[in-house]
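Several structures are given next for inspection.
What follows is chain A paired twice: with chain B in the first complex and chain C in the second.
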Partner chain A sequence: MESRFIKPALGVYVALFVLFLYGPFVVLTIISFQQGPDGGPQFPIVEWSTYWYRQVFGLTPPSRIAPLPFGEALIRSLVLALMTMVVSTVLGVMSAQAFRRSFKGSTFVFYLIVLGMMVPGVLTGLGTSLLANNIIGIERHWYTTAFATHVAYTFPFAFLVMLAILNRFDSSVEEAAWSLGVDPWTTFRKVTFPLIFPGVLSAMLFAFTLSLDEFPRTLFASGRDQTLPLAIYGTFSVEIHPNIFAFGVLTTLFSFALLSVYGILMALSVRRAKKMAMQEDIA
Partner chain B sequence: MSSTVTIQDRQSKVTRWLLVPGIVWMSLFLVVPIAMIVYVSFWTQTTFNISSDPTLASWKQFFSSDTYTGSLWTTIRIWLIVLATTFIVGYPTALFVGLFVKSKTLSTVLLVVCVIPFWTSFLIRVLAWRPMLGKEGAINIVLLKLGIIQQPIEVLLFTELSVIIGMTQIYCVFMVGPIAFMLSRIDRNIIEAARDLGAGFGRIFWKIIFPLSLPGVVVGAIFVSVMVLGEFATSGALSGRKVNLLGNIIVTQVGSLKWAMASVVGVVLTIVMGVVIAGLLRIVDLKREL
Partner chain C sequence: MDTSVFRLEGVTKRYGDLVALNDASLEVGANEYLSFLGPSGSGKTTLLRVIAGFEAPETGRIFFDGRDITNVQAHERGIGFVFQNFALFPHLTVMQNVAFGLTNGKTRVPTPEAEGRAAEMIELVGLSGMEGRGVDQISGGQRQRVALARTLAMKPRLVLLDEPLGALDANLRSRMRNELRAIRERLGVTFLHVTGSETEALAMGDRVVVLDRGTIIQTGTPGEIYDRPASPDVAHFLNRFNLFEGTLSNGSFSASFGTIRAPAATRADRDCYAVRYDRVKVLPLSAKPADGPALKATYIASEYLGSSIMSFFDAGQGHLIEMEHHLSLGAPETYEPRQDYLLTWNPEQAIVFGREAAI
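Take a look at the complex of A and B:
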């Protein structure tokens, strides 16, 4: 049959596709081991070294090339991502919970929320800056205006994740709790929330990673103090050195670590749910 | 009877209070800012400031300058090209992952493999294309070693081509995901039945597989369009400031405190965006398909 030929051909194509996706990262990793401080961000590799990694951590003697000004920016970005994660997830869970009942104007509210992931960041950033500068008259900061735009961007993702989870949710357990006279808030805390917790974790992960790497919204809305993507953008205009590539490799490893934590939490919560189900069976 | 009414009353009250914070946040920090851009585009620009006296000056300036109208056409051209390249590059991968791979584990693994590059910072991913495409970059070195070319290709970096290559790599995964999802939902019995009736793969593809994957293509196209139309970092970093998209113009205008002009460009971008998304949603009725 024809498909006997098509499937291997597509398999080869997918291998090339993966190469295309990973090519730049492979090159970036190779060049991060360039000789320092004289080796530039290009081939050939003069001599393999870990100079640029040591430079990122400030372990090399001062040289012509200034260390990356990323320390404070990194902390700001992490704090901002945590703030965004908490607020977006809370808003996402609340709104998705409301959407379980049909109400008037639900289509309008749905599109209002989803609009947040549709509008280009450069526009929300610009609009928020204009508003802060000319109408409200406040200074722009990463923890005020930029934070507002970050939540307006990540909240729709949290909302959609929670909506998908709650759509498949079996509400008979809640009804059981209600019929036993448990008030709605306690029901949510003790019954609903533990059951939707894996979804909450995914929503949190989405919000955190999107905020951590968010650049166009922050560019205008964050004012004087830079977040990490802004600091990286700052190195664009001046000369590039392999230290930025070493930094890229390190942040990728950090993401891996973060995702492993997420995976472990997820596995634990699944295992706990199974254990609880088993206890119920025994009882 | 009266007790059920109060329960319903209370529940719709709960629904309202659950919705209020989200609606308020999105109105204040999304709808109002966009309205603000429209409003400021009619303000008067002085050298370093803006005042709220209404004027059409910035709009006239936009349409009388080749730099500005040119950036509009560049944006539309790059958007169409990247839409096409992400589709061409992504569709076969989605076909393999969504339809040809029988094992659920393998298709999940392949999708995870597609997502892993996103764990590197967006800006560093863009930057990584420089040592890839440069005159002494990886691609030229490999091609020279293989003897395919005698001279290094110089048009690879700091041209429109490098912007297109970079954007294709960064955004093609957003095509693969939705298409693979739609393909995986196709009922295999339909394909089996068509094959039993003697249809070849080409016919099955064009009559069954492709039409059923169309909603995925549209969702992917919306993702890619939203991101490419608002782009400025990739074009800035890989074109050597030769390719100016609407986003680049906004950034330079804000940089020189020309807020009114930045707003005009912002409104133009919003309109382009709205037309594109409305057009895409017309092709396929998403609510019915999903």
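Take a look at the complex of A and C:
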């Protein structure tokens, strides 16, 4: 009786959820195939075409619609995301490693780190730019001040992921390596790291994607040169053409590709983790 | 002549309020097999971890090979450790596991030479042909051998074994026991073996160290431990003695079986009377033992153990008395369930503990 009612209700709920999740993307995709250069960002589709995709890559003859000014912003954002990913992941792994043993003030340090993802981004961005301008007196750049805010924001995510991974880690394999005369650093490189690699991968993915579309912190802290989200936002204030949607579809596909790579690497690592779990089961 | 390889002096280790190891002192000779026996929580694993350098003691010194290693880090001690869960490197093959210490340790043996030495060890533990397998593709007993080969490949003079046979089934356990002994004799290594099994401790050790609540309560050869347990607790762990609570007074012990002369009592913190399972004799209720203990008990059941038979009797108030009959001494008598019998033994063979005893 109960399940006869609840199951369909849950099904409808999930269907609606998926619709809201992917609805915008579907609309975006459809409009991106609008005829160009005269077709606008609305229904109906006058005629299907790939004009706006070609426009994004500068393959169309010049028209009254300017090409998207994203080239440099895209590069900047990718470089920034990579930098953030590397620094946050390294910090995250190291600090989580430190938390494997309790130390004086560990609770305080824990909240201090996690605060980075709790504080409203606009405040962090504003505060950073005020600090840079008025107190330290340095210029704001995407690779200095904005980079700092990105690390402060993504580091806690990487930290929490690694903390969860290391929590389940059986440290007897490390002790085994020590007892074989292998120093702690080599042990970390040859034993610990390969085994926690799935977690490191997740931490990297978090840091990269969070940084790539970070807006509020970057808005104030990036200075003159804009990152991609800021550049996209900038085009909205003029006139919206379907080329922005074509661009959106392309970046989404890029994200999917990234996720697929992550999924493949993860599957490989999980198989290895399973081996380890099996070993523990027997013991 | 000092043949000592390893020495502990007053080592104490606490976890918060819990004293895991209390003032432990010990000396181990070269090429000796020492087994540590104690119930879980007795501190035997802590003792091994302190020796290996995984835990630092609060007080006391540890000497190995003539030097003080108390403050030396685990990877610089040169002491092997075999884990109960084996702790193999799951991402490496059998060969890579065994060669790991050689290629990544202080000496950094080049891979071809390391693999040569590893192959010898793999052969020693009887795993030739499995070098290329992942450690998830081999059985529990084989993993145990890999763990052992991995440790022995480093040629340590001291190897710590933390319940290394605990994860194996009974058949495999006795086979591995023999192999451990054979390997030890071939390589001349000192083994410290922690176990919760009294059979294993007595069978494996040249000497047995009995631990309880973080304290070493007896050290001796298996024969000494078995024949002369130093305290009621040791007798209890050995799982070979019927224990009777009672009072020792003026050289006589009074308990449920009556009052018996006990001139050679051992000093202990409580009064206790111990009779080995195979010293108990069963008489019909009508018999009158001329002199000595007589305990009325109800027969419950028997267990066939191959070389002997264990019979269980209820002496009232839930006190279970066990009697072992070695089949080499003749066919066993049969008893009627729920019938009463008289249990007796030669008082000379009993071990008496008491507060008033001199020694």
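What we mean here is this: the second predicted complex is superposed on the first by the 266 of 283 C-alpha atoms of A that agree within 3 Å, B and C clash if a C-alpha of one lies under 4 Å from a C-alpha of the other, contacts with A are read in each partner's own complex, and residues count from 1 in each chain.
Simple rule for what comes next: contacts are C-beta pairs under 8 Å (C-beta built on N, C-alpha and C of every residue); 3 or more make two chains touch, one makes a residue touch a chain.
Keep in mind it's a predicted model, so treat the numbers as computed, not measured.
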Touching partner for A:T251 - first (chain B), second (chain C), both, neither: first
Contacts of A:V173 with chain B and chain C, given as first, second, both or neither: second
Greater residue coverage of chain A in the superposed arrangement, chain B or chain C: B
Contacts of A:P184 with chain B and chain C, given as first, second, both or neither: both
Chain B versus chain C as contact partner of A:A81, first or second or both or neither: neither
Partner chain in contact with A:L205 - chain B first, chain C second, else both or neither: neither
Touching both chain C and chain B, counted on chain A across the two superposed complexes: 184
Contacting residues of chain A [partner chain B, same complex]: 2-3, 6-7, 10-11, 13-14, 17-18, 20-25, 27-28, 31, 41-44, 91, 94-95, 97-98, 101, 103, 109, 112-113, 115-124, 126-131, 133-135, 148-149, 151-152, 155, 159, 184, 209, 213, 215-216, 219-220, 228-229, 232-233, 236, 240, 244-245, 247-248, 251-252, 255-256, 259
Chain A - residues contacting chain C, complex: 170, 172-173, 175-184, 186-187, 190-191, 194-195, 272-276, 278-280, 282-283
Chain C - residues contacting chain A, complex: 52-54, 73-81, 83-91, 100-101, 104-107, 134-136, 140, 143, 147, 150-151, 154, 160, 167
Residue ranges of chain B in contact with chain A within the complex: 11-12, 14-16, 18-19, 21-23, 25-37, 40, 50, 52, 89, 92-93, 95-97, 100, 110, 113-114, 117-125, 127-132, 134, 136-138, 141, 169, 172-173, 200-201, 222, 226-227, 229-230, 232-233, 236-237, 247, 250-251, 254, 259, 262-263, 266, 269-270, 273, 277
